[in-house]
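Each of the next two complexes has chain A plus one more chain, namely chain B in the first and chain C in the second.
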Partner chain A sequence: MLLSVLVTGLAIGALYASTALAFNVMYSTSKVLSVATGHLCMLGGVFGAYFIQTLGLPIIVGFVGALMVGVIAGYLMELITVRRIINRSDEHLWLLSTLALATMIQQSVALWWGTEPRPFPRVIPQEFGAGMADQKYWLPVVALIVIAIGLELFYRLTMYGKVFIAVSEDAFAARARGVPTNRIRAASYMIAGLIGALAGFAAGQLTFAYFALGHVLTLMGFIAIAVGGLGSNLGAVVGGLLLGVLSSLVSYWFGGEYQNTIAIGVLIIILIVRPEGLFGSKRVRHV
Partner chain B sequence: MSPNVRKFIGALAFLVVAAALPFVTDNIYYIRIATLIGIYWILVAGLNLVIGYCGQISIGHVGLLALGAYCFAILAGKAGVDPWVATAASALLGGLCGLALGLPSLRLPGFYFAMTTLAFGMIVAELSVAWEWLTGGGVGLMVPFYPGEFASPWGFYWLVVGIAAIVSWLVWNLGRHAWGRAMISVRDSEVAAAAVGVPIYKIKLYVFTFSGVLAGLAGALFASYQSYITPETFVFELSMFFFVCIVVGGRGSILGPFIGVIVLAALPEIVAPLAKLGTFFYGVLLLIVVLLLPEGIGNLIHILRDRFNPIERRSSGIVPDLERLAAALRQGGMK
Partner chain C sequence: MRAKLARRSVLGLSLMLGASFIAPAWADDAKPIRIGWLSSLTGPLSSAAIAENIGVQFAVDEINAAGGIDGRKLELVTRDTMGDPTKAVNFAQQLAFNEKVDFVIGPVNSGESLAATPILARAGIPQIVIGTVDELTNPKLYPRAFRAIATNSQWVKGANDYVLDKLKLNKIAIIGDTTGYGTATVKQAEAMLKERGVTPVYSVLIDANKADLTDEIGKAKAAGAEVIMTWSAATGLLGRILNTRGEMGWDVPVVGHPALMGTPIRDLLNKPEYWDNTYASGYASMTIDENGKFPERTQQLMDAVKPKLGGKIDFTFWWIALGYDAVKILEHAIKKAGSTDPAAVQKALEETQGLELVYTTYSWGPDDRNGFPDEDIVINLANTFTDGGFKKAPHQ
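And then the complex of A and B:
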């Protein structure tokens, strides 16, 4: 019994961790924490279900389509809510604009897709009696591993990755060296959209295709970041998995209705005791 | 007549008009909408101090509203306490919870604070479903009316108008004296505010607690207005609505959010398609205002006025007096 709790926790924690990675990717180039981050994951799940279940497209086409939707959503987020705002001095404006976008995404999905959670199709042929080895438990974890390793390789090995790091270290200096910071920022948002859609697609069977996932995932991804430390990818992964396992244990012991309450208790304790997070450096501390 | 006196007279005139509404129309539907606007305004007036003046983005005020509503419903409905006492208890509980929420979260900067308040809203929503023995769970609770005269739609409307007027007066006083200046300085530059001796954290905490009191009070009235509350009554979209009213109306003013509440609460009732789009429309509106008019639509009046009726710039004599200059030069040349 405890094993199944742990497995569920790891699966949902992998989704939180992926959301946290998407947060980090966007934060690194723009210093913006987008309220609509969780909505990127939600789009991946909803559009995956739409393409495969409703339109009956082949699974691989549906998968690529869902990823494309995520990338487009990420690009639009940068274009609409960040680019015009980021050079103004008022630091709250991006919070308002991403909140507005999050609301628009959520409500348009609610109007179009409906407010009931809909089932997500099987991605890989598998019997339903597989128990703990069921794909809905390990797919999110696989997605997280792919995302984390992919990001790490991207940052370390590719030229673009190095440019990303340069922009995140000092955008002005990078610009002075001829880095097109606007385009790099847009690219980072598209990557975040890709990550979000991939995670949302992989976790679709666990969460169902549900319009209201966005806010929950934004909050949980943010808690994962606050636990792990803003800007640290390792922290995001550890924080997300810890949070998932913890909330799964809590709902095992106390019942599912206290899940969020405990998660938020963790957030507040972490913010008071160690505001820079477990893996964050003091330098990036924004608290 | 000083501007403040003029504003005071304007507010008084509006109050008279508002109070006379039941004599103008006997359509209960309008009275109900006007009552709802009044209740919203009681909450928004406090929230406006937090968002518009202090610049702290709270997106979880619906949680405080729900707390006040449930407190009133449980005390006045289940426990049979006098509704007036229950209302006071709601306001007190709202203030206490605002204080408890503000103590840790107001130390945090922008996004962290917003997320904490969002989290608070989620906790309240979760517990209102989970604590079935207290809140009735998903089934909800019956809420009693106020006693005597205030049970009728008109009586209740006058009650709300009265409370809203007192609240507006309080908020107006807070906003224009030293407190208001201190709050705006916290919003615009914490460093500068700290440098001139504004106790930033204390200001934020007091204001947030005050907004909690008003949210609890509004919650009690809201519960009685709805006459039956369930966790579904207090959706996150309601928070979004309060938020949009303030940002669209214009931050750092009181009249702006007030007009925002009236327009945004009445619009979906008048224009039917908007009711369907509902929150999506609020999102679009918020985005447009943030991108194009960050000071709020209230400021649009000023912009248009400046465009079409520019203020005469009084020239302070920069027209060059060439003859005198030439004379001076000539004199200098003679020397």
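And then the complex of A and C:
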């Protein structure tokens, strides 16, 4: 039975880790931690179910459609809640603007999609009853691997990736060298939308297509990057998987009522002991 | 001439004063009876409220079409609480002190009701309670709050009695969610089983969004459970319980909360047969008999409402019946009291015995604010949904 707890923990942890990677991608170019990050995943699940289950589109079309919704949502997030705010103010007003967007997305989906969870279709033909080999457990893990490797290759091998890193390290210097930072930031939000939608789609059978998932995933994704180290993709993956497994074990040993309390308790302890997270770099302020 | 004018002025003034004394009485008789309706029409808990609203609106239209109550029309003042207790409190205050309604129906959800009922009690407004949590009624604290729906204890007792007396099973696993409702009801269910000399072999609270329940259902099985009892209204959690039981090939009965019968569950099941052997607390009025017929009063309301629903009822009909009855209870109370005076209405309801409406036959008393009788709780077979009702579970 412990095996099933670990498998479940890894599956849900993979979803948290993917959400954390989406956080990181947006953070790298804007230094914004968007409250609507989890909602990108929710949109992937809901629109995947809508395209395939409700409209009856082929799975591949539904999959691409869900990813497109994520990309558009990511772009709109940057355009509406981030661009003007960070260009005009150094204060953390993006916290309010992204919270407002998250609430609007959630309410809109609730009104349109309904407030009850709805089923997510089988992505690959497979009989139910396969136990731990069921696709609902390994699809989120596969999605995480694809996202993590894809991001690494993107950053290392492509010119855009190097520009992302340049903007991440010093946006002012990058702009001075002619890098269109607004466009790069918008591109990073579209990539985050793609990541979120892919993760939400892959985990749809595990979570159902449910309007209220966004806030939970935002919280868990945030804990994952805080544990792993803000800005570190390795940290996001390790933090997410750790959080998923830990939540499952806590629920298994102590019961569901302690699950979130202990998970957030661990976050606080790690932040006290190692404020930069497990894989984060210490910030040194030059004087 | 001046004396004549003075006499006319005095006469005119007297007529005006007289008219002003007469006018309020006349106006009071003709002015509409205002019913506040606190309903979570949007938001995460809207399914029940939307259906109840159909019943409430239908009853109001029906009464108004027949000329109102003692010649006074009903006016519904609806406020959408969105399932939020804070909004419910604000709207309860608004209805009581700004809108000055005569009565209030709702709020729909127990959490909202726990917050709003004390305010309505302080304002002295008669309230029809449609939340199930037991603490919502109390003749001393809330003397004018009368409950129309069954209580949570009645649901739990009905399910416990069915498991122990009809299925003859006493190795019980209890599963609830980590919400206030789930936590409190699991404790209540454990206490009520203890009174019957039974201790559950396994009891657990689960986060309603937990994605996989293999370990919990596995533990229940390992503990030797012969039946799973669920106390949660979270559709996702209930769907996962049934899916996990099905995929484990563990064919024990699942008995519990009425949400187990809800149609959204059907859509979440990996296979339709995972809904077999599942039973939930339901109502005699919504139970189809051996001949496939509903009780007469239920059928009459169904026939009347169906055209408005496009000829099809695809949600549990008791929500509509409860909304309809809530208005009809007020009609009964006003007629019996002969006015809308709160104290008279309270007395009229306290003296009400055997009021036959659609959802049930109600009785209240000076020390009893729960109108739903125990004997009208029936255990239904979950996967037999037809026109908003269900078949009776076996062995009853």
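Just so we're on the same page, the second predicted complex is superposed on the first by the 282 of 287 C-alpha atoms of A that agree within 3 Å, B and C clash if a C-alpha of one lies under 4 Å from a C-alpha of the other, contacts with A are read in each partner's own complex, and residues count from 1 in each chain.
In this text, contacts are C-beta pairs under 8 Å (C-beta built on N, C-alpha and C of every residue); 3 or more make two chains touch, one makes a residue touch a chain.
Given the structure is predicted, the values throughout are model-derived calculations rather than measurements.
Visitor: Specify the outcome, clash or fit, for chain B and chain C once both structures are aligned onto chain A.
Guide: Superposition result for chain B and chain C: clash.
Visitor: Check whether A:Tyr210 is in contact with chain B, with chain C, with both or with neither, and answer first, second, both or neither.
Guide: The answer is second: A:Tyr210 touches chain C but not chain B.
Visitor: When the two structures are overlaid on chain A, which partner does A:Ser18 contact: first (chain B), second (chain C), both, or neither?
Guide: Neither chain B nor chain C is touched by A:Ser18.
Visitor: So in the superposed three-chain picture, is A:Glu116 touching just chain B, just chain C, both, or none of them (first/second/both/neither)?
Guide: second
Visitor: See if chain A has more residues touched by chain B or by chain C, and give me that chain.
Guide: Partner with more touched residues of chain A: B.
Visitor: Just checking: does A:Ser232 make contact with chain B only, chain C only, both, or neither of them? Give me first, second, both or neither.
Guide: neither
Visitor: So in the superposed three-chain picture, is A:Ser188 touching just chain B, just chain C, both, or none of them (first/second/both/neither)?
Guide: After superposing on A, A:Ser188 lies clear of both chain B and chain C.
Visitor: Just checking: does A:Thr29 make contact with chain B only, chain C only, both, or neither of them? Give me first, second, both or neither.
Guide: neither
Visitor: Touching A:Ser168 in the superposition: chain B (first), chain C (second), both, neither?
Guide: Touch partners of A:Ser168: none, neither chain B nor chain C.
Visitor: If we overlay the two complexes on their shared chain A, which of chain B and chain C does A:Thr37 touch? Say first, second, both or neither.
Guide: Neither partner.
Visitor: A:Met1 in the overlay: touching chain B, chain C, both, or neither? Say first, second, both or neither.
Guide: It touches chain C, and chain B stays clear.
Visitor: Would you mind listing the overlap between the chain B footprint and the chain C footprint on chain A?
Guide: 111, 216, 255, 257, 259-260
Visitor: Note which residues of chain C are touching chain A in the complex, please.
Guide: Interface residues on chain C, with respect to chain A: 42-47, 177-178, 183, 204-207, 209-212, 214-215, 218-219, 222, 235-236, 239, 243, 246-247, 249, 264, 267-268, 270-271.
Visitor: Okay, in this complex, where on chain B does chain A touch?
Guide: 55, 57, 59, 104-105, 107-112, 114-116, 118-120, 122-123, 126-127, 129-130, 236, 240, 243, 247, 276-280, 282-284, 286-287, 290-291, 294
Visitor: Residues of chain A touching chain C in their complex?
Guide: The contact residues of chain A facing chain C are 1, 4-5, 8, 11-12, 110-111, 115-119, 128-129, 131, 137, 203, 206-208, 210-213, 216, 248, 251-252, 255-257, 259-260.
Visitor: Enumerate the contact residues on chain A facing chain B in the complex.
Guide: Against chain B, chain A makes touches at 33, 35, 80-81, 84-85, 88, 90-93, 95-97, 99-104, 107-108, 111, 215-216, 218-219, 222-223, 226, 255, 257-261, 263-264, 267-268, 271-272, 275, 286-287.
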